[in-house]
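In the two complexes below, subunit A is the common chain; its partner is subunit B in one and subunit C in the other.
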Partner chain A sequence: MDDLRLEHLDRDGALAEAIAALHGHTRTDLLRGAVAGSAALLAVCAAPARAAARDRDVAILNFALTLEELQAAFYTEVERNKVLRGDLREQATVVGGHERAHVRAFREVLGSRAAKRPRFDFGGATEGSGAFRRTAVAFEDLAVAAYKGQAPRIRSREYLASALAIHSVEARHAAWIRRLAGKSPVTGPFDDALTRRETSRIVARTQFISTTSTTRRSPRFTG
Partner chain B sequence: MAAAAGAAACGGSEPTPRAAVGDLVGAVPAPPHPALPIGAPVALGRDRDSTRWAPLRRAVVARARPSPDAPSVSALAARTPEGTTNLVLVLARARDARGGLWIRARLPSRRAATGWLPRAALGGYRVVHTRLVVDRGRLRMTLLRRGRAVLRAPIAIGRAGTPTPAGSFYVRDRLTRFAGRAYGPIAFGTSAQSATLTDWPAGGFVGIHGTDQPELIPGRVSHGCIRLRNVDILRLVRLLPVGTPLQIT
Partner chain C sequence: MGEPRLTRAALLRGGAVVAAGATAGVALAPAGRAAEPSPARDRAILRFALFLEDLQAAFYADALARATLSGELLEYAQVVGGHERSHAAHVRRVLGSAAPSPPRFDFRDAASDPTRFLETAITLEDLGVSAYNGAAASLTADALADAARIVSVEARHAAWVRDLAGKSPAPDASDPSVSAVEAKAVIDRLDFVV
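Let's turn to the complex of A and B:
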């Protein structure tokens, strides 16, 4: 995680919002833990607990969707800018196709419960090969660590299977771009997950997700 | 498996490696089917009929060339007169002698249709696949998406003394839930400015909006704005994103 120098991320807090949703469901965990000792009470609460687990899975999927949207938008923009050549261009094209496929899959499964697509502002990160390479390493390392952090919290085995399938692809992306950046594809024998606190700290430093303002003022056109 | 069974029948107390592997395989359940239908990689679509725009991060001076030393062509505010984020259409990019990145942009300016802005003054790029064409001769508006017409509507435009300006412009903002009926339920701001109403309080920008006088459409009755029947502006609002290029012929 030493490569995470994302100095401009999450201007309007969309990522923070997704993380806050996960925090909110932690309270549900506590409630469930408190009633676990009473079989009768547990029976009464079984249905709400299942619903809470489903809700938490949806929150985790939406968190993953936001990260995938961020990555997909990043690779899409750099491809449109046509600033990459050779191996780097191939990496961006292939990985961009994967990230867009991930976004499509998450949106298909979440349906109407999918989080709204944020707006992005990558500043100069998509305007040149050097900035792209550094940011892509940070993005892929972030995605790998974030998936690892959330996977154990997923209740549905089917969602977990999907998350693991994506996680290993993100790890391959990370190894690929690290090699192109002249870094070792493997940083050690054991990878740490990214906790929510660590994710929040990174998010606080970032401004890649942005917003434009709206108004209810009356028009001042010529009429 | 047959060999392993034979070895066990001969009195061997230790299971053979093959028997152990077979037992393990039998004991391991099948993996769950992934819930996400992750299909083939999604290639980036062709950029034909697409336009990029970017919001302004701050007030900025547009230059005649991609250089901080080039003459100023226009000063842009960070906000529109309505208080929304100001934006420009992205046309080209270039680096100056010091390596700084510049964007050639279509501007909301009467003085200059285009100019060069430092990339750092702009926010993230957005993409639209729509184009709006206003035909002043036929008093009709056509919205195209990816080159195909998706909406046509009759319009009212400026009268002879306050004509709707011709040229290449863009949609700058969308206003809803404002007070007053003269503009109808929805109004879009554009980068077009009246050539005659130069002292208009907010700069004389041309809007696209509804009306409380639908009987005047089609016609040449406005101060330069493009008026639609309310039923048409309500259709348009579902189809027209901010940043859409506007061609007035």
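Let's turn to the complex of A and C:
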């Protein structure tokens, strides 16, 4: 699946524009470009292929948890920066509250099996309303596609029902922020799914998950 | 403003956080325990999904025929009406010979002015999301993957029309779910089926 291109998800180019603005690339560079791995998210996603169903559910919930942590941290930071006004501020406050509630719920269910919270660096994405809007559109559309990809793989009916109840809320968030960004709230009669690997690659490309993980070991010197 | 609550208990019982007033004052009870998936159950669920899609498609067609909508509300009805027709056509194709023909509907005054149109559209879209969410956990994996491509679009419709009506597009951290029986009761109360 190494041929995934950003445009498969990013129909409006919102994510590409957002990242380009943050990192000084052109959109074309990003669409063509190689993926810089994000160790934290990829580690969460590296579930063994032969894992038992229950372990697979835990891996899926941890994947969802990390996506929710990413979104929650993004909205929390933009609120703290106090750069939004009016409807946009209302959206960030309400949606941030939802994402934090999702994080708490997953953490509670996962207990000691919950993945460690990664460190985030949103660059300039939380420092202005334009960058915030573009990034929020991309995040919400991504979350909808990611939940949609995972739902049919969840074995536990209870976890599945919960994931679906969150999936449609992410779609509401997506429609809301798209309208505030001057885009159509809908992208077509059917929303597409993304696999976990596809989602991880897109997140990795944002470089929002800090690669200076606390678990990284110091180089060993043999001399 | 307090943080939305989504407790472990709520998560485990299917995110069944009841959104008061989400469907025009109808309190939606949590869906019952999910039934064991099977192809026969898939067909039963899809037949109900088709009924909902036919209902929605007919409602928007009625609203557009009355020509009382303008601006973004008109755009909403045109775009969303097209989606509902696509959904109905898709589900009908999947069901094949097991698909019922569309019922006849009479929406009376429900789309006769923009205010009533908004109220009914919100009820139907929120109900669509809740009904898909309630049924989806009883679908086989393939049917679920297919239905999931529709439910998030229904949720986008719901958010859009709620925003147009000045209501919160996302009233809760977790969407409620209803069983087919509960959804049917809401529709019976609306009395649109001839």
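Everything that follows uses one rule, which is that the second predicted complex is superposed on the first by the 153 of 223 C-alpha atoms of A that agree within 3 Å, B and C clash if a C-alpha of one lies under 4 Å from a C-alpha of the other, contacts with A are read in each partner's own complex, and residues count from 1 in each chain.
Everything that follows uses one rule, which is that a contact is a pair of C-beta atoms (placed from the backbone, for glycine too) under 8 Å apart; a residue touches a chain by one contact, two chains touch by 3 or more.
Because the structure is a prediction, the values reported are computed rather than measured.
J.: Using the touch definition from the top, say if A:Arg119 reaches subunit B (first), subunit C (second), both or neither.
T.: first
J.: Return first, second, both or neither, reflecting whether A:Phe190 touches subunit B, subunit C, both chains, or no partner chain.
T.: The answer is second: A:Phe190 touches subunit C but not subunit B.
J.: Of the two partner chains, subunit B (first) and subunit C (second), which one does A:Val109 touch, if any: first, second, both, or neither?
T.: Both partners.
J.: Who does A:Glu127 touch here: subunit B (first), subunit C (second), both, or neither?
T.: After superposing on A, A:Glu127 lies in contact with subunit B but is clear of subunit C.
J.: Looking at the overlay, does A:Ser162 come into contact with subunit B only (first), subunit C only (second), both, or neither?
T.: In the superposition, A:Ser162 touches subunit B and subunit C alike.
J.: Could you tell me which stretches of subunit A are touched by subunit B in one complex and by subunit C in the other?
T.: 93-94, 97-98, 100-102, 104-106, 108-109, 157-158, 160-162, 165-166
J.: How about subunit A: which of its residues touch subunit B in the complex?
T.: 76-77, 79-81, 93-94, 96-98, 100-102, 104-106, 108-109, 119-124, 127, 156-162, 165-166, 208, 210, 212-223
J.: What residues of subunit B sit close enough to touch subunit A in their complex?
T.: 31-44, 47, 52, 55, 79, 81-85, 87, 93, 101, 119-120, 123-127, 158, 162, 173, 175-180, 182-183, 187, 189, 194, 197, 200-202, 204-207, 209, 222-225, 242
J.: Any idea which subunit A residues touch subunit C in the complex?
T.: Answer in residue numbers: 93-95, 97-98, 100-102, 104-106, 108-109, 144, 148, 151-153, 157-158, 160-162, 164-176, 179, 184-186, 188-193.
J.: Applying the document's contact rule, which stretches of subunit C touch subunit A when the two form their complex?
T.: 1, 3-8, 10-17, 31, 34, 79-80, 82-83, 86-87, 90, 129, 132-133, 136-137, 141-142, 144-145, 148-160, 163, 168-170, 172-177
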